[in-house]
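Shared between the two complexes below is subunit A, which has subunit B as its partner in the first and subunit C in the second.
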Partner chain A sequence: MIPHFSREDVNSILHYLGKLIYGLGAVMLAPVFIGIINREWDPSIDFILSSLLCLFLGSLLLLRFNEERDLNWRQGMSLVAISWIVAMFLGAIPIFLSGHYNSFLDASFEAMSAFATTGLTLANNIDHMAYSYNFWRHFMCFIGGQGIILVALTLFVKGGSAFKVYVGEAREEKIMPNIVQTARFIWFVSLTYLIIGTSILFFINLVRNVSPGRALFHSICIFMAGWDTAGFAVQTQNILYYHSPAVETVTGMIFLLGAVNFGVHYAVWTGRPRELIKNFELKIYMISILVLFALICAGFMMHFPFPNYISFFRTTFYQLLSAHTGVGYSNIYVQDFLYYWSPVALMGVIIAMGLGGSSSSTSGGIKMLRIGLFFKGIKKEVRILTSPESAVIVEKFHHIKDVTVQDNHIKMAVIIILLYIIVYLAGGLAGSFYGYPFLSSLFESVSAAANVGLSMGITSPSMPDGLKIVYIAQMWLGRLEFISVFVMIKFMLSLRSPQ
Partner chain B sequence: MERLIKYLKITYRWITGIAIELIYPFITFAAAAIICFLLYLAIIKK
Partner chain C sequence: MKVKYILIFLCFLLLSYKAFALEIIPLRQLFEQAPNYDGKNVTVKGEAVGDIMGNGETFWVNIRDGDFFIGVVLDSEKRSIIKNLGRYRVKGDIVKVTGTYKVQCPQHYGDRDIHAETLEIIEEGRRLEETVETDKIVLSIALGFAAILFIFYSHHRKFRKDSGDQQN
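And then the complex of A and B:
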């Protein structure tokens, strides 16, 4: 029997939640600097007030629940699931005050979309949004992509508690022996690429005659949302706004690298470059990208709307890469999917979105390692059935180190794959329930649950509130990969029922 | 001196690591461009 949650559990969870809220209040001060630089006084006050509210709430929790104990697994998992919901509500406050959102629900949707690195937006008139609000939208993507908990790990959480909350946030691999060192390495990789990516984008924007201040702002925001595979952009038209093959190439490289497992980055950066060739997950990823790209291209056999090869390649490959890495950047109009893309090509994009990027990366979706394990499981079963009964069948693969495929690896992979498919279909049916065509609503549902952010036009401020809540739940479930949410639900139920 | 050599080695590995990693997107882009070109030829000759 699963033990009931005790008062001690509640105390521990709320103590660490207080720390996390405190951390959120601290990072909320970053947009204040952007606001002061750009003389945006009202937005700066919004951020100061929101930050003070977080610091006040965090302090209250820390004062009331002041005993710090190491978290156990169920406490860690519940803490993660609750933290993301609390972060959504608190992160929504400053952007709701901006007046660019019709309701607090819309602002909450935006905050969850940013933290979960989805990129679906309900903002009105982004083109005229103050720099500080726009920066906060992208900064939430960066915090969420790195992991809200990971941010906290490097600041507040130490000892045995760290690994439990790290795993709860859908990251399984300890890249380094110490989990806090692992968190710091992930920050190191991201900040290194932040400098490289932002510098290149800044240079491209300068060449395009964009003023230096504006070029720097766009470059930082585009990098943060690209690297963390979120897909928010500074302008309503997303990447199409730039009409620049150079921007598309650089952002493509950024989000392709963002969707690579941090363990692979570590291996390559510490003198093991062959990991790029040997890694099982990267091989599957490359094959999947190329096969689905061929499917999308073949989808234009009957109706070919492109003027030449370059336009064909630019449009189709960017959407595929954006879908597969889970970034959601787009260099076409939303309506183009409806009018020019065949059902076969759309199915290619939907499958790519659903599959997602690498495990322990910033991307969402099922993840390539699970797909690889699924096929390894099939291969193992076939080999068992076609071998003598006395034969011992062993399947291996190389992922950072040599790994022997165990039955529980396959079982967990299949469970998570099935859960994702159920959530994708449930969201598609919810969209159909509200009267949208099934293919469009499936597209939107997969985009939300796999934290991608591409849209066929359903996601807008005018969509039904019920569907907004469904997509918020999908983004949350998809980002945390179910298990920590299930543990939290068990926690909530046990609080209601007597022991 | 030993410490300096150690840090230089780490920096060297770090820089070469980044340079090698950047090859991965280029290979993906090149392979996709070839596939796209072949399918483009098939579509326009249809």
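And then the complex of A and C:
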């Protein structure tokens, strides 16, 4: 029997939650800086108010639950799941005050979409949004992509507690022996690419006569949402706004890098570039991209709406990579999916979204490593059935190091794959329940649960509130990969039932 | 007589073709009935938003009509007509654009665009005033004081507990 959560568990979880809220309050001061530079006084006050509210709530929790102990697994997992919900509500406050959202639910949807690096948006009129609010939308993507708790880890959390919350945020691999060092390495890589990626985008924008201030702002925001595979953009039209193949090429490279396992980044950074060729997960990724591109091509065989093959490649390959990496950047209008993409081509995009990127990266979805393990499992079973009974069948693969496939690896991969499929279908059915066509509903559901952000037009401020709540739950479940949410549910239930 | 009828018929055809260019078509209609307008001369209106991007002879500006947007291709002369672009606290110029609508423009790698032939401002944009709500400032100060009080009390309690432990 699973033991009940004790008072000590509650104390520990709420103590660390207080620290997390402190951290969130601290990062809310970054948009104040942007606001002051741009003389946005009212938005700056919104962020100061929200930051002080965090400081107030955080200090209240730390005053009441002041004992700091190392977290155990269930505490760590529950803390992560609860923290993401709390972060959603607190992160929504300043953008709700902006007046660009119809309700607090819409602002909460936006905050969860940003933290979970999804990129579906319910904002009205982004084109007239203050720089500080827009920066916060993208900064939430950056924080969420790195892991909200990971951000706090590097600031407040010490010792054994760190690894438990790290795993709770759907990251399994310790790149370095010490988890805080791992967190710092992830930050180091991200900030280095931030400087490189932003510089290139800034240069492109400057060449295209965009003023230096706006060019820098656009470049930083686009990098943050691209690297963390979130897919928010500064303008309503997303990447299409720029009408620039150069911007599309650079953003494509940024989100491809973001969808690569941080372990592979570490290997390359420490002088082992052969990992790029040998890595099992990357091989599966390449195969998957090629197969799905073939499927999309097949979808356009009967009806080819493009003026030439360059346009075809530019449009379809960008959507495919965007879907597969989970970024959700788009260089076409929503209506194009509806009117010009055949159901077969749309299925190619839906499958790509559902499969997702690499494990321990910023992308969502099932992840390539699990798909690889699933096929390894099939291969192993076939080999067992076709070999003499006395034979010992061993399957291996290379992922950072040589790994022997164990039955529990396959079991966990299959469980997570099944859970994702259930969530994808449930969201699709929910959309249909509200009267949307099933294919569009499935598209939107997979986009939400796999934290992608591409849309066929269902996600809008006017969609039913019930569906907004379904998508928020999907984004949350998908980002945390279920287990920590299940532990949190157990925690909540044990609070209600007598011991 | 026969020539006269042919001429009338040709005029009718020409007028019906040009009719798209005379009436202002909502962007929603251009998207929802795209095949009807593809490659035709159309007139649209909308707020110029964001930036004018490009170099050399070709520039892009995006115009907004309700929830719909489209990229407009401009030359440097038309580019200089637009003075206000819609941003935070700026209402952009409302422009009327007549030009060729392409659902998949071969010249721009499949972009959906309008190549502007004429562009005029029908409503000039302007800067908007920002109002600061004093309620928010008061609430911020109150929250700030409360938070400082809690932090101070928390540290004081911890200090007393630590010194108590040391005495024991």
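For this structure, a couple of remarks:
Going forward, the second predicted complex is superposed on the first by the 499 of 499 C-alpha atoms of A that agree within 3 Å, B and C clash if a C-alpha of one lies under 4 Å from a C-alpha of the other, contacts with A are read in each partner's own complex, and residues count from 1 in each chain.
FYI, a residue touches a chain if its C-beta (ideal position, glycine included) is under 8 Å from a C-beta of that chain, and two chains touch if they have at least 3 such contacts.
Everything quoted here is computed from the prediction, not taken from an experiment.
In the superposition on chain A, A:Phe317 contacts subunit B only, with no contact to subunit C. In the superposition on chain A, A:Leu276 contacts subunit B only, with no contact to subunit C. Set side by side, subunit B and subunit C differ in how many residues of subunit A they touch, and the one touching more is C. Contacts of A:Leu60 after superposition: subunit C is touched, whereas subunit B is not reached. In the overlay built on the shared chain, the residue A:His265 is in contact with subunit B alone; subunit C does not reach it.
Residue contacts after overlaying the shared chain place A:Ala294 against subunit B, while subunit C stays out of touching range. In the superposed pair of complexes, A:Lys411 makes contact with neither subunit B nor subunit C.
By the touch criterion stated above, A:Lys396 is placed in contact with neither subunit B nor subunit C. Within the superposed three-chain model, A:Tyr309 lies in touch with subunit B and out of touch with subunit C [touch as defined at top]. Within subunit A, the residues touching subunit B in one complex and subunit C in the other are 312. By the touch criterion given at the top, residues 38, 40-42, 45-46, 48-49, 52-53, 55-56, 59-60, 62-63, 66, 97, 127-131, 205, 207-211, 214, 235-237, 240-245, 305-308, 310-312, 314-315, 333, 335-336, 339 of subunit A touch subunit C in their complex. The touching residues of subunit A, when paired with subunit B in their complex, are 192, 196, 249, 252-253, 256-257, 260, 265, 268-271, 273, 276, 282, 286, 289-290, 293-294, 297-298, 300-301, 304, 309, 312-313, 316-317, 320-321. Within the complex formed with subunit A, the subunit B residues making contact are 13-14, 16-18, 20-25, 27-29, 31-33, 35-37, 39-40, 42-44, 46.
Every residue of subunit C that touches subunit A in the complex is listed here, in rising order: 31-32, 34, 49-55, 59-60, 62, 64, 69, 71, 86-90, 103-106, 108-113, 130-133, 136-137, 139-140, 143-144, 146-147, 150-151, 153-154, 157-158.
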